[in-house]
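Pasting a structure here, questions to come.
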Amino acid sequence: MISIQGLRKVFKTKTNTITAVDRLDLDIQDGEIFGVIGYSGAGKSTFVRLLNRLEEPSEGSIKIDDKEITELNTNELRLARQEIGMIFQHFNLLWSRTIEDNIAFPLEIAGVPKAERDKRVEELIRLVGLAGRENAYPSQLSGGQKQRVGIARALANNPKVLLCDEATSALDPETTNSILDLLVDINQKLGLTIILITHEMHVIRKICNRVAVMENGKIVEQGDVLDVFLHPKETVTKKFVEQVMGNGEEDDLEQLLAEYDQGNIIRLHFVGESANQALISQLAKKYNVDLNILQGKITQTQRGAYGTLIVQLLGNTDEIDKAVQYITNKTSVEVEVIRNVK
Amino acid sequence: MISIQGLRKVFKTKTNTITAVDRLDLDIQDGEIFGVIGYSGAGKSTFVRLLNRLEEPSEGSIKIDDKEITELNTNELRLARQEIGMIFQHFNLLWSRTIEDNIAFPLEIAGVPKAERDKRVEELIRLVGLAGRENAYPSQLSGGQKQRVGIARALANNPKVLLCDEATSALDPETTNSILDLLVDINQKLGLTIILITHEMHVIRKICNRVAVMENGKIVEQGDVLDVFLHPKETVTKKFVEQVMGNGEEDDLEQLLAEYDQGNIIRLHFVGESANQALISQLAKKYNVDLNILQGKITQTQRGAYGTLIVQLLGNTDEIDKAVQYITNKTSVEVEVIRNVK
Amino acid sequence: GGADSDENTITVGASSVPHAEILEEAAPLLEEEGITLVVEPYEDYVLPNDDLASGELDANYFQHIPYLEQTIADTGYDLDYIDGIHVEPIGVYSKGVTSLEDIPEGTEVLLSNSVPDHGRILGLFEEVGLITLNPEVDKGEATIEDIVENPNGLVFEPDYDPAFLPELYETEENTLVVINTNYAIGAELNPLEDALFLEDENSPYVNVIAVRSEDKDNEALNKLVEILHSEEIQNYILEEFEGAVVPVGGNN
Amino acid sequence: MLNDSNIKIDDLLEATYETFYMTTIALVGTFILGILLGLLLYLTMKGGIWENKFLNFIVAAIVNVFRAIPFIILILLLFPFTNFLIGSIRGPNAALPALIIGAAPFYGRLVEIALREVDKGVVEAAQSMGAKTRTIIFKVLLPESMPALISGITVTAIALIGYTAMAGAIGAGGLGSYAYYSGFQRRDFDIVFICSVIIVIIVFIFQFIGDFISNKLDKR
Amino acid sequence: MLNDSNIKIDDLLEATYETFYMTTIALVGTFILGILLGLLLYLTMKGGIWENKFLNFIVAAIVNVFRAIPFIILILLLFPFTNFLIGSIRGPNAALPALIIGAAPFYGRLVEIALREVDKGVVEAAQSMGAKTRTIIFKVLLPESMPALISGITVTAIALIGYTAMAGAIGAGGLGSYAYYSGFQRRDFDIVFICSVIIVIIVFIFQFIGDFISNKLDKR
C-alpha cells in the first residue's frame, strides 16, 4: 500500500546542513499498524510529514495506493490528502474554533452535509471522552484534552491512512489505552492503515504489527514487532526493547550485583514458547538450587510468555552449573550469565 | 518546604464552570522529588501553575520556604520565582532566540555575568545532548529537542524548586533516563526540591520519593511511592500502578484465562522483602506443583524485589491448595486467586 | 442642476469664504426675481473652472481676473467674466520691521504657497518700490525669478500655507509676512493699522463672476451680478467682513 | 466664547453625517479590497501557498504605488474612473473611490502582517486534510487572524476619517473639511474645536467597536 | 514632453532630500514614541501585566485624540510646542514634532496589535523566571514581535511620506508639496509625474528594507 524508496530530506540552515531523513526505503502493507520508534531528533516527524508532502522530499519516491505522491499536482495531492489523516505532535488546533468545530473541520473540507457532520462529531467527542466540553475553545483545555481533539479530528473523515506523530504522548495510560483500542478497532473494521510514531514501546507492543527503528534519518532495523522484541540487533533497538521488557538499565544491574553479592546471577530470555514457562519451578525440582527472581518482566504474546528475568542462583556450584547447562541445552530459553561464582 | 492548604482554582467560561483544582492540601518536604499523576484534565498543570502564581488561586494558601506565595507583592513574587524553575508542557521557547540564548535567558534575568553565563549554558547544552545545535532556532528542532531546551532552561539558574509539567513526555526512553538521572543528581547534590507531573509511572518509580494522585482537581491518594505502588487504594491509582507493574489490564487477563485453561491461576504481589524472592523455587521444591510464570513484572526497590507475577499452578488440587496456603500464611507475599479449580 | 436644467435655476460654484456666504445672502433677493440660486461650495481653485467649462456650473465666483486669464491661457477654456464683485486686499506685516525705509538687508519675505497669488504679491512689492520686476513679464504671472532689481536683497520664501502666515508673523519677528486680509482679520490683526503696507481697492485682483463666453449676456446671470452690486449686499459685505473684503463696482 | 462663532448646527450635523457616511461606506470597500490585497501578498510571498515571485512583485508594486501617491493627487487621477463609476466627480459619493483606493493598499499591508502571524502549524493541518486554498483562506487564515484584522480595520477607519478631511477638496464635505475650511481657514477656532471633539468622539466609537469585536473574537 | 516642463533638477533633488530627511528623522521618533504608546496600551489592557483600566483609558484617549486630529490642525496646535523645541515654526525641522506626534499614535496601535500576537506562553515563561517587566518588554515582547513591529514601521514610514506632503504648509518642502504646488497648481503635470515616480521609488526602498529586515528576523 505504501512504498517508499530512497526518501531523503535535507534541511539547510546557515550554520548546519541536517539530513533529517536519509535514503529511506520502506514498504507498509494495507491495513497494517506500523510503528516507528527512534531517539529524539532521529527524523520520525520529518518522515511522516514527507508522506503527505507537508515537507517536500529532497529526493526519493513515495507511493501510496499506487499513486506516486511526489508527482501529484496540487489538486490531486489535495484529494489524496483527504484520505490521509494526521495527528500532529503539537496538536495544531484552530484556536478560533470550538472543540466541536475543530473536529468538524475535515468534514467541512470533504463537503460532508451538516446533519451528518454533527452526528459524526458528536460520536467522536464521545469516543475521545470530551463530552460536555464541545463548546470549549482549545485554550481552555489541558494538554491531553487538546491531544484528544487532534485525534478525533484526524479520524473524523474516515481516512484510509492515519499518520500519528506521538499521538498518545500527552495522555495518561488509561486514556492512551482507550485511544489505542479505538485505533485497533477502526483498523480491524475499516482496514485503516496506521503509521504510528511513538517513543512508548508498550504502545508498539500493544497495537503494532511491524515496527521500524530510526536513527539519524535511517531505518536501522525493522520487522515483526515480536521479532524485533525478541532479537533486537541494534543498540538503539535494545534500549527501546529494554524499556518495555524491564529495567535492563546498566546502572540498575550494577546496583543489583552489589546488593545480591552471593551466587550466580543469570539473565533468562523467554522467547515466547509456552513450554518454558515452568522453567523456574522445573529447575527448583531438578537441581538443588534456590532461584531468586530479582527483577524482570514477562508478557504474553501470541505464542506464549516472552520476556526477561534476572535470577539469582544460590547453592552448590556444581548444581548451579548443571542447572545453567540444562537451560542452555534443553530449552529455548536464552541464558546469559551475568556473574559466575567459581 | 512547600505547604499547600485549601488551594482552589475555578475557571469560569460562558457555558461551564470548571473547578480545575479543588481544595487541595499538600505538604512537600525539602529536597524531595514529589510526583503528581492523574488522568488528562485532572488539574495537574493548573496545580503547578498555581504554585508560582502563573495562575492566581481562587482560594487557599501556598507556603514555599515559609513565604506565603499568595501574599507576595509583585517584586517579592519576582524574586521568589527566580528560585523556582519551571518546565512547561508546551515548552514555551522564545522563537526569536537561538537554543543557546533561550537557555541563557533565566541567567540574564538573574543578572549572571556573561562569561559565567556562557560557561553554564555550554554545560547545560552538553548535559541535555544538544551540542552542535547551539545556534539553531526552536523552529528547527524536533519536539524532543525543544523539550530538552526547556529542561536546560529551567535548570540554568540552579533553582531551589523545580516544577516539571510532563517534562519527559516528548522524549524517547534513553533521553528520558538521562534527564531523570540528571534530575536525581541535582536533587542529591544541591537538595533541589522537584515537583514532577507525569503520566509515565516508570518515571515516578525511578525517581520520586512520594507521589500524589489527582482526580477531578483533588488529591485522592498520596504517600511513599512504594506504599502507593503496593497498596493502591483508588481505582485511578490502580490503573496507573498496573501500567508500571505489568499488563494487569482486564482484557489481557481474560485472554490469559482463556489461553491457559487448566489449573489454578493466582496473582502474587511481592511487597519488597528479599526473603520472598525465592518463593517460586521454594514452592516447587516443597509441593508437587508446577509453576508457570505467565506474566508479570518484578523490580528492585530499596527493600527488595517488588512486583506482581501471574502464575499458573498445575498439579494435584490438594497440593495446589497447600501451596497457596503456604504463601498466605508463611510469607509476606500477597496472593490473589484468580481462578480456582475445584 | 447643470446649465441644461431649468432656465430659472442657476448653479454657481464658489469658495466658501466669503464668496459662498455673499451668494447665500443674495439668494433670497434673487428668489424674489423668480430665479433660484444653487450655491455649490468649492475648496479648491482648479475644479470650479473645470466644472464651469464642462457645463456642470452656470457660473463661478472664487477667482480674480488674472487667475481667470491664466486658466484660460493654460487650458483653452472658452470662459469670460461678467463683472467684478469684491477685492480681498493683501497686506505685508512685520513685528520687527516698522517702516518701509529701514528694512534690513537680506530680510526674509514669507508668502503663501499658492502660486496664483505670487504675481499679485510681487506686484504690490514693486508698487511700493522694494523691487523691480522684468517689464516683459505680465504682472499677474510674475514669479520670484522675474525680479530684476532687489536693492534690499529681500529673500522671498513662497512656501507657506496662507492660513499659517499670521502665526509666522507672531513668531518670526524679523521677517516680512504677506497675509491675505481675511486671515489677518481672523488673527485679530487690523489691516489698516498693523500692516506695513496694503493693497488698495484699485487692485486688479478683483473677484469676478466667471461664466462661459456664450453666457456673458445670460439674463439670469446678469441679474445675479446686478443684485451683488446692490446696496444691500455691498453693505452686508462691509459689515460682515470688517474691511477684509472690499466691495467694488457698486453704486457707492 | 462660542457666541462669537459662526457654527451652524445644521452644517455641523450635516458634516458629521457626511463623515460617518463616507467613512462607513469606504470602510466596507476598504475591508474587502484590503483583505484581497493582503491575501494576495501573503499567498504569493516566498514560502507561501501560491508562491509566485512575479505576482507578488506586481501586487506589492500596485500596493506601494497607491500608498505612495498623495491623496489629493489620487483624487485627481481617479477623476475619469470616478466619473464612470459614480456619474459625478463631486460630493461624498465621488470621494468613495479615492477613499477606498487610498486606504485599501494600506489596509492590505496590515492584513498581510496579520496573516503572517497565523501559526503555520494550523495552516499545515488544513493542508494535510486536503483543504482547497479557498477553504484555507476562509476557514483558517481569516478566522485565525480575525482579531488582528479587526484591530487593523479600526486603525484604518481612523486613517480614513483623516482622508475624508482631504476629500473636502472635491466638495465631499465632512467634519475635517468643515473644520479646515470653515474653521481653520476663517480662523474660527471654535468650529475647529467642536469639529475636533466630534471627530474624537467618532474615533472613540470606532475604536470601541473595534476593540470590542476583536476581544470577543480572541479565544486564545 | 519633459521639455515643456519647468522641472529644475536642483529643486527636485532638494525636495527629495527634504522628504528623505523628514521621513527618516520622524521615523526614528515615531518608532520610539509609538513603541512606548503601544507597550503602554498592551501592558495596561485587561489581563495585561500592568492591568490598569484608568491608565489604559488615558493612553487610549491620547492615542485616539491625536490620531483623530487632522494633520494640518495638528501642525497649528503644536506651534507653541514646536517653537519652544525647535526655536522656529517653519522648515523641515519644525515639521518633525507634528510628523512624529501625528504618526506615533498610529504606530502605537500597530505596536499594540503586534504585541497581542505574541504567544502568551513565552511571556508566562519569562514571568515564571522572575523577570522584571522591563526584561519582559525588552527581551520577550519586543524581540518576539519584531517582524510585525518592523512591518508596522514600514507601513507607518509610507504614511509619513504622505504626511510630509502636508507639512509643506509650513515650508518644510519635500516632494509632495513640490508636486502639489509647483506641479498641480501650475498645471505642470510633468512635475507631478516625476515627483510621484520618485515618491514611489522611495516607498519601494522603504518597503524593501522593511521586508528584508522583517524576514531576516522571523525565525519561526
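Just so it is clear, A, B, C, D and E label the chains in written order, and each chain counts residues from 1 on its own.
Convention: a residue touches a chain if its C-beta (ideal position, glycine included) is under 8 Å from a C-beta of that chain, and two chains touch if they have at least 3 such contacts.
Nothing here was measured: the structure is a model prediction, and the numbers come from that model.
Colleague: Once the contact rule is applied, which chains count as partners of both chain C and chain D?
Modeller: Where chain C and chain D share a partner, that partner set is E.
Colleague: Since chain D and chain E are copies that touch, just let me know if over half of their interface numbering is common to both, same, or not, different.
Modeller: The interface is built from the same residue numbers on each side, given that over half of them are used by both copies.
Colleague: Distance-wise, how many Å sit between the C-alpha centres of chain A and chain B, to the nearest whole number?
Modeller: A distance of 21 Å separates the two centres.
Colleague: What is the distance in Å between the mean C-alpha positions of chain D and chain E?
Modeller: Result: the chain centres lie 17 Å from each other.
Colleague: Taking the mean of the CA coordinates per chain, how far is chain A from chain D in Å?
Modeller: 54
Colleague: Roughly how far is chain B from chain D, centre to centre by C-alpha average, rounded to an integer in Å?
Modeller: Chain B and chain D have C-alpha centres separated by 56 Å.
Colleague: What positions in chain E touch 2 or more of the other chains?
Modeller: Residues 72, 76, 184, 220.
Colleague: Where in chain B do residues touch two or more of the other chains?
Modeller: Correct list: 90.
Colleague: Residues of chain C that touch two or more other chains: which are they?
Modeller: As it turns out, chain C has residues touching two or more other chains at 163.
Colleague: Judged by the touch rule stated earlier, which pairs of chains are there in contact?
Modeller: Final set of chain pairs in contact is A-B, A-D, B-E, C-D, C-E, D-E.
Colleague: List the residues on chain E that touch chain B in their complex, please.
Modeller: 119, 121-122, 124-132, 135, 139-140, 143-144, 146, 217, 219-220
Colleague: What part of chain C is in contact with chain E in the complex they form?
Modeller: Touch list, chain C to chain E: 45-46, 74-75, 110, 113-116, 157, 159-161, 163-164, 167-168, 171-172.
Colleague: For chain E, which residues are in contact with chain C within the complex?
Modeller: Listed in rising order, the residues of chain E that touch chain C are 72, 75-76, 79, 83, 88-90, 168-173, 177, 181-182, 184-187.
Colleague: Chain D touches which residues of chain E in the complex?
Modeller: 46, 60-61, 64-65, 67-73, 76, 106, 109-110, 112-114, 116-117, 120, 147-148, 151-152, 154-155, 158-159, 161-162, 165, 176, 179-180, 184, 192, 196, 199-200, 202-204, 207, 215, 218, 220
Colleague: Could you pull out which chain B residues touch chain A in their complex?
Modeller: 11, 13, 15-16, 18, 37-41, 44-46, 89-90, 132-133, 135-136, 140-145, 147-148, 166, 169-177, 181, 199, 201-202, 236, 239-240, 242-243, 246-247, 249, 252, 255-256, 259, 274, 277-278, 280-285, 289-300, 305, 309, 312, 314
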